[in-house]
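Contents: one structure, followed by commentary.
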Amino acid sequence: MSIRRIAADFPFLATFDAARAGLPGAPIDWLQAARRDGLVRFRDQSLPSRRVESWKYTDLRDLATTDFAAPDGPIGAALRERVAPIGTRNSVRLVIANGRIEPDLSRLTGLPAGVHLMPMSVALDSHTDLLKAHIARVSALDGDGLLALNAAFMMDGYVLVLDDGAQVAPTIEIVFAADGGSGPIALHPRNLIVMGQGSAATVVETHVGDGVYWSNPVSEIVMGQGASLRRYKVQQESAAAFHLAQDRVALASGAHYRGFLGAFGARLARQSVTATINGADAAFDVAGTYLLRDNQHGDITTLVDHAAGGSSSRQVYKGVLDDAARGVFQGKVAVRRDAQKTDAHQLNNALLLSDKAEIDAKPELEIYADDVKCSHGATTGDLDADALFYLQARGIDTATARRLLVSAFVKAALDEIDGEAERARFEVLVDTWLAGTDG
Amino acid sequence: MTVMLEIKDLHAAVNGKEVLKGINLTINAGEVHAVMGPNGSGKSTLSYVLAGRDGYDVTQGSVMYKGADLIALAPEIRAREGIFLAFQYPVEIPGVAGTTFLKTAYNAIRKHRGEKELDAMQFLKLIREKQKQLDMTDEMVRRAVNVGFSGGEKKRYEMLQMAMLEPALAILDETDSGLDIDALKTVADGINALRDPGRAMLMITHYQRLLDYVVPDFVHVLAGGKIVRSGDKSLALDLEKEGYAVLGTAAA
Amino acid sequence: MANISESETIGAATTERYKYGFVTDIESDTAPKGLDESTVRFISAKKDEPDWLLQWRLKAFRQWLDKADEEPTWAKVNYPKIDYQDSYYYSAPKQQETLNSLDEVDPKLLETYNKLGIPLQEQMMLAGVAVDAVFDSVSVATTFKEELSKHGVIFCPISEAVQKHPELVKKYLGSVVPVADNFFATLNSAVFTDGSFVYVPEGVRCPMELSTYFRINAAQTGQFERTLIIADKGSYVSYLEGCTAPMRDEHQLHAAVVELIALDDAEIKYSTVQNWYPGDENGKGGIYNFVTKRGACRGRNSKISWTQVETGSAITWKYPSCILQGDNSVGEFYSIAITNNFQQADTGTKMIHMGKDTKSRIISKGISAGHAESTYRGLVKVMPGATGARNFTQCDSLLIGEKCGAHTVPYIEVRNKTAQVEHEATTSKISDDQLLYCRQRGLSAEDATTLIVNGFCRQVLQELPMEFAVEAQKLVGISLEGSVG
């Protein structure tokens, strides 16, 4: 047994054969082969231990010792009630609950021509070749056991396909809901966004749930020339949940990806993003905020691979850690030999509000081209004592003054959001979180 | 009269785009020429072509300096042969003390001329004399090259370098830009002090105000990559009154 | 602060590739090739060590055998597996046992050090710098010992300290870098040969710079120096090491351990100009420089400052670190790492903040040219008790040419909310504008590059003692030779 892996023998593994009959694409041979292949790889790799460099700061042992079962049935009424109003302002909505689409809560009509949105189970029939290629690509990736497990058990996620030149006016609202109220369950959503040349879309993903569960989503995003995607993610998993998400983004020349993450929930969360920039004038801009308290553990791990020259990337993250929360930021920018004229910038600022809070940051540059402008910065610290005093001197009590300053700190991240409505939405979430701090 | 610089039918391209489209200009020793022109007329391109900047390619024509082909020479050889470019935007070089920089340059040029290099004491004595004329303090001169300088300080530092290196041909690229009236006078005094029968100057400027203080012998108007008019100092005044618009189609 | 002018270095960077590459033809006393327990016993016997030290070495050797699989692989360096049996672990020039004066040192050795610019004869010595000269596995001479002893400062080879000051050696040896610390440190603990020992007594400001000059001469021989510096309460010492080796086609291993201890209000300034043979322009030969250096700021208000100029070695694996235990203690790391041709450097520091109000500062300048790879790897760790800790880190990398690589791998771990940690890093090349500006003033492209790189390194160069700053600047130019054009 290698020290680089954690043994994990989840109950749901034993029911693989029974489970896959109920998963999307049961009659499709190539998909079943891919699932079996994923299971074999997971049996080999298992979960990464902290001896694996990229998992140095995030420990999956608690995950490995939880008895997760396959999801069985729909989500409870209380959760359903909470999900119902999320993002109803937006006309297009896809709700996936316990690994299956919820038709009653979803509304897939009204999309413009050239834009196709559906759950994975439907896409396997309607866009077979696209899905086949996608699954082959993801299976070939150099991934860890989590990716392998998702390949074995992949469940309904969303598939968004935009034809060349297609532009979606309405924001697409995606909600993932998980109910582990009657015992721990494991969910492995698979999402795919394929964007034709010059297409544009805005997607908001919300993740919510109750009880103990593990959400292990894998998303692949393939952006054609000049495509533009705004993708916002609200992670509000239950306080007992594990959320381990992986995004793989590929950008062709001129493509522009703008992502924003608000990470509020889960006992243990990791958002990993790997972006490969394959063309000039492409831009990959991600930002986010992680606001954690109690014993929450939040990990953001990014790899931006500048495989082509003349491209840019920008990453800005702000974290606030209260109580015994622990934040992890690992951000790597790689510039390959021929990727001249790369412009890459990365910043992580963390604020510790408690004596027991911890931040671990590893911003990394790996540069093989000489004509580049790359930089990163990382800071951690407490609130500025001078600013605090200044506010107090104006008659503001300490708790309020602290909240104001924390809010100002976080809102600098929200400034990265390109879109009024979305910014307002995140502002409410941030304010709600801040109201729960005692300053 | 000695011919210092002779430009014939000069065509030059920047990143493959032709910017200079047939310049003819002769400058004799002792003369001060002003080249004026609107933005984008090719003024700065001309200065970079003469200094030998990478990516500024001569595609046609010739430039003779002191009777020899200039274009074949590396930028540092041109400098050592006496061409000095006062940059429009002097470059910051962090960590390199101004005195060190200038001493290295000064001795490289002396060595090229077969003269003895100056030691640190001799050099300091010399620079102190020159910096006084330009109203610069020891502290400014010792600071890292152009780092933390205001726009005016940068231009004065360029003039100090020119005074130290005593070029045969000085090219002053927009030396007046960003200067208030006092700084402009200081810089102009610095330039006038260097006027000499053995030295030629080429002033490149958008406005005529510098020419109130440094009166040129000849004025040329550059537009669309060509010299469209030449005359004496009164041409600059006409332009001031009428603007570049009067050049009409020639500028297009 | 050294106030020096870069222009003196311009021109020095012309044709002096590696002027220290000569071999001294001298008869030597060598241990049989290979490494087993008898090698360890051989070394210990050669140095007439007490039994406790032999046992210490043997314990280390057994631990090293257990670590056979633990040769570090995490650094961004590539080299074929080292055959630890294919090397000599002890080589000493033959000369009489005890020297009454420096005049009795073998003239060949004196001449070697003259050629290296380190005269050891009294009349020629560098004023104000005491030198310990280590040749392969032994110290061959230490200058100004008497002058120093007047102040109570002990400066001698560590083998001599074992004999004369066993209580100090026993107390501090392995107390900062434990035997089991890492593969190379464990190996060093088993087979270390010579290095310097410094003890500065309470309240003494060491009256001169102390310096050790390490020379590898013998072929196929590893050098395993061990240096131990103790600054007692309220004392100050500035120590500098230099290193060179002959040009050889084979790789030679240099695995040193350096331990520094600063007690209350004490300060140690440790500077390195590392110029081991870097290998030729095709990457053949050169020293593997796998070094563990660590300082403990044990006392309140103590300070340890590391300054390194790393221009040599085929591979450098080195992280001079500070453990900031005492309240209000200070750790500093100033580094220049220049790699050219096929050199690889993975270097940086660890700053472990344990005491209250501890401060650390990291300034790292990495320059890569040719096919070289340069990595900054550093850890800033703030423990829960380190209230008021401060760190500032700045890592800048410069790439010269399109076949090299520059990497930055900082780890920041903060477990105290009052800590302020700031990290900045940039990677860029020398701008075309800067080059043109210098060339327009008459500097050649190569001189302009040297000047700009020296400017880039200034923050670190100015931390070096005056006597060595000029040499270091020249090295910058020489190391980059052939990288421009």
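A, B and C are the chain letters, set down in written order, and residue numbers restart from 1 in every chain.
To be clear about the criterion, a residue touches a chain if its C-beta (ideal position, glycine included) is under 8 Å from a C-beta of that chain, and two chains touch if they have at least 3 such contacts.
None of the values given here were measured: they were computed from a predicted structure.
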Exercise for review: With one step meaning two chains touch, work out the least steps from subunit A to subunit B.
Suggested key: 2
Check your understanding: From subunit B, which chain is the farthest off, judged by mean CA positions?
Key -> A
Point to revise | Centrality ranking, top chain (CA atoms only) | key: C
Review point. Using the average of all C-alpha atoms in each chain as its centre, how far is it in Å between subunit A and subunit B?
Key: 56
Practice item. Measure off the straight-line distance from the CA centroid of subunit B to the CA centroid of subunit C, and report it in whole Å. Key: 48
Check your understanding: Roughly how far is subunit A from subunit C, going centre to centre by Cα mean, in whole Å?
Key -> 44
Check your understanding: In subunit A, which residues are in touch with two or more of the other chains?
Key -> none
Point to revise | Residues on subunit A engaged by subunit C in the complex (per definition of touch) | key: 53, 337, 340, 350, 352-382
Check your understanding: How about subunit C: which of its residues touch subunit B in the complex?
Key -> 5-7, 10, 431-434, 436-445, 447-448, 451-452, 454-459
Review point. So in the complex, which bits of subunit C are touching subunit A?
Key: 74, 384, 397, 399-429
Revision key, fill the gap. So, in the complex, the side of subunit B touching subunit C is made of residues 51-54, 74-76, 78-80, 84-85, 87, 90-97, 99-105, 107-109, 112, 120, 144-145, 161, 165
